[in-house]
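Consider the two complexes below, in which chain A is the common component and chain B and chain C are the respective partners.
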Partner chain A sequence: MVTYFSEIISGLWSLVLGLSVTFVEFIRPNVTVQYPYEKLEMPERFRGHIQLIGDEEGRPNCIVCMMCQRACPSGCISLSGKKEEGQKKKTLNSYILDFTTCSLCGSCVESCNFNALEYSKEYNLASTRKEDFIIDLLKRLEEQNS
Partner chain B sequence: MSVPIRLQPDETFILNVGPQHPATHGVLRVKMEMDGEYIVSAETVIGYIHRMHEKMGEIKTYPQFYMNLSRMDYLGALGYSHGHVLLIEKAAGIEVPERAEYIRAITVELNRIASHLFWFGAFVMDLGGFSPLMYALQDREYILDMLERITGSRLTYSYYRFGGLYNDIDDQFIESVKKFIPRMRKSLKKYHKLVTGNIIFRKRLEGNAILSKETCRKYGASSAVARGSGINYDVRRNEPYSVYPEFNFDIPVYHECDSMARYKVRMDEIEQSLRIIEQGIAKLPDGPIMPKKAPKIIKPPKGDYYQAVETARGNFGIRLVSDGTKNPYRLKLRSPTYSNMHLFDETCTGLLIMDALAFMGSLDLVIPEIDR
Partner chain C sequence: MELTLLNVVIAVTIAIGFAALNAAYLVWAERRGAGRIQNRPGPNINGPLGLLQPPLDGIKLMAKQLIIPGGADKALFIAAPVLAMAPAIVSFVTLPFSDTIIAHNLNIGVLAIFAFASLGGISLLFAGWSSRNKYAVMSSVRAVSQAIAYEIPMLVTVITVVLITGTMNLMEIVEAQKGGIWNWYFFPFTSGLYNPLMTMSFLIFFICALAETNRAPFDLGEAESELVAGFHTEYGSMGFGLFFMGEYANIVIGSCLTTLLFLGGWDAPLPVLSFIPGVVWFLIKIYLIIATIIWIRWTFPRTTIYGLLNLSWKILIPLSLFNLLLTAGLLKVV
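Presenting the complex of A and B:
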């Protein structure tokens, strides 16, 4: 009989203790960010989708060595280039990233020996159309330069 | 007008829990034969998100497959990556700088805490308490922010490399970890006050779903499931790897064999992980994070290799059969949750359905890791 009542009292006390925790939390300041109105800064090493790095004149550093294409586990990079007359290096014609299969592992950026690729800070990438994720990186670089 | 179906007194019916059900935490289906609210028999059906990770391991090169390991378990990804890099380093004979190993241990333990915090929140939510999830996520967010700053990602880190690490940690990271440890200890006290002592919580879990030692051994259970049943087994202690022998930590073991014991083991593990991180930060040596001669093309010599690690969910084993080429001949992944989950069928016979779901929560299932 005594244990029965003591259990009721200790049980009720445990509920009161729990409620005191939630009450203390209730009067504490907010920890959330009101997303569309406030935005967080992405850290420096944030891995967004890749983008090309251009030189001072805005031309891509890429020399079409195809290392990134070979390193990619999902085959989502396709690029092409050709050798202009009188030039030693190849110039980039197109660089298409199929972001639908990309898993942001960063193998391409690490495999690049010519400082031609970097991560973007892009994270707002929701869309209802699949075509929006086929990203033309050369066009993106031109837009960034202009 | 529809006539309600009347069951005969001794008739049972089949209840499908899942594949889309909040209590299963993913696409797991449980086919239950019910007698009223009591379970007569249950069968777990898996394979809804099978992604052929093992087959992918055979067709991809070693560095290409590496990032798949993070996708197996989205809550404790670093533990799985750790197993893979350790295996390939063992197979290819790559030496890892000491600093890299220490950073690996620190980040794995941080990730383990994050995983346990999420499990804690989700488990209490399964039992009907919502606010602990919010508090647990708040602490977990702190860890994710720290890891995001150094790895560049919040869940699928891909932070380790064969031979070392992708990036070094900085002073700001160390400072934030130092700040995090007392904060987490304070939070743990709060959780114990809020949840562990709660009479409803205790009444529901104490004596619920007794798992004997023999059952755990039969199914190859590990992690808190085995340690809650009195089996003192932890890969970090039993088959030491990395720099774990250098650390002083305890393996929490409880002998009650019920869901409460499994809960207590995980909560104690958070404290032990904090201890490991504390020691890791104090002992952290200077030096490089990648060896000077890290091979660019990984071609392990012919042979059979195995590496087990203790992840947040238990004993994760990875076996490699190499034929000396750039791709493995066979890569077998032994996932801990797969073994832990299969206990469910046998143990839940005769339980009330809400007790069975509480039991399922205490197993800490991550479905992508079962199906892999």
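Presenting the complex of A and C:
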């Protein structure tokens, strides 16, 4: 008989405790981000697909040494460049990343000795067409500069 | 009020309008409340604070096709949602909102409301049985056993109140509680009665009202995780809409009854505050109870069917019977 009543009392008390927990949560501020209206800043070390780094004048730092192309295990980087008249170094004239086969391993960034490659903060990468993932990084750099 | 045709039409229109508006905006309140409890905003895109969400949901439901599953019992299948909604609206006829706002003052108001409320269980049985769906049948079996188990303690607590007031007229029950919060029947040692257990009776009635309206934590009828959606698994379009509206209208009726029987109806909590019109007090009280019901839904997980029936037969029925006997004794002695 005593356990019968003590169980009822302790049960009721646990219900009150549960209600107090949800009440505290009720008056706390929201933790969600309203995605299309607000966006989160990506963290410092977020690894999106690669992009080229430009110098002060907006030209790529890349000297077309081909180390990244050789380091890539899936062969998704293809770049070409040529020597302009009267210049010592080669200049880059195309840098195509085939993101469909990229596994974001980062070997290209590691292998680059000229501070020419970095990870982008891009994460909105959904598309219905495969061609959207063959990315012209030189064009992307120009768009970033403008 | 006289029973002319015009009066009846106006009363029915107001009742349907009140029930439908409440159903629509309680869904909104429920979703916003759930959002706040889970630290997210809830529906906030359509209109300011998401206030256009309910009419848009209504339009979506009305635009959908009503599909009757093959092998279903057509007549019962179509009758069930109507039977869920109609008694809820009829019950508003005899619910007084203040000492002047009432459609028709019945001498047996409490009895009439409980008679209509018990039709709700039958509508669930119809829906589950006629759907030709195993989950739906399981759900209606549960809903009916739950309805039977919880109607007993509920009616016993109502008899306790009727015993004190000596009337089944809701207006007179409220009149008997006039004069401030210490006269309301949820208050222990109510003046003139000195019964210490009335708070317990109030809690029993409130728990039973939750169970009768199939609300969480007693929503075994539509247990999403086990029975898909229970009795309304096969319903789409406005069939589902009517069940939904019926559920929310029943919540409003349950909280109106709790207010009328235990919280003094339209009586101000302190006699000083009685310059505020009674209907305002009544609405404040019922919406506080509805807010509590929503709060409870998003706090507690669903009970098991055994836990549910044990709670009713082992705890609620003995305690409510005990309070009935105590009240009867006190009425004789005091």
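What we mean here is this: the second predicted complex is superposed on the first by the 114 of 146 C-alpha atoms of A that agree within 3 Å, B and C clash if a C-alpha of one lies under 4 Å from a C-alpha of the other, contacts with A are read in each partner's own complex, and residues count from 1 in each chain.
The rule we apply is simple: contacts are C-beta pairs under 8 Å (C-beta built on N, C-alpha and C of every residue); 3 or more make two chains touch, one makes a residue touch a chain.
Please read these numbers as outputs of a predicted model, since none were measured by experiment.
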Partner chain in contact with A:Cys105 - chain B first, chain C second, else both or neither | first
Looking at the overlay, does A:Pro29 come into contact with chain B only (first), chain C only (second), both, or neither?
-> second
In the superposed model, does chain B or chain C contact more residues of chain A?
-> B
Is A:Val21 touching the first partner chain B, the second partner chain C, both, or neither of them?
-> both
Which superposed partner A:Leu125 touches (first chain B, second chain C, both, neither) = neither
Common interface positions of chain A, toward chain B and toward chain C = 15, 18, 21-22, 25, 31
Touch list for chain A against partner chain C, complex = 8, 15, 18-19, 21-23, 25-26, 28-32, 34
In their shared complex, at which residues does chain B touch chain A?
-> 60, 63-68, 71, 131, 135, 138, 141, 148-153, 156, 158, 166-167, 190, 193-195, 197-200
Interface residues, chain A side, partner chain B - complex = 7, 10-12, 14-15, 17-18, 21-22, 25, 31, 43-47, 71-73, 103-107, 110, 119
The chain C residues in contact with chain A across the complex are 33, 36-41, 44, 295-296, 298-300, 315
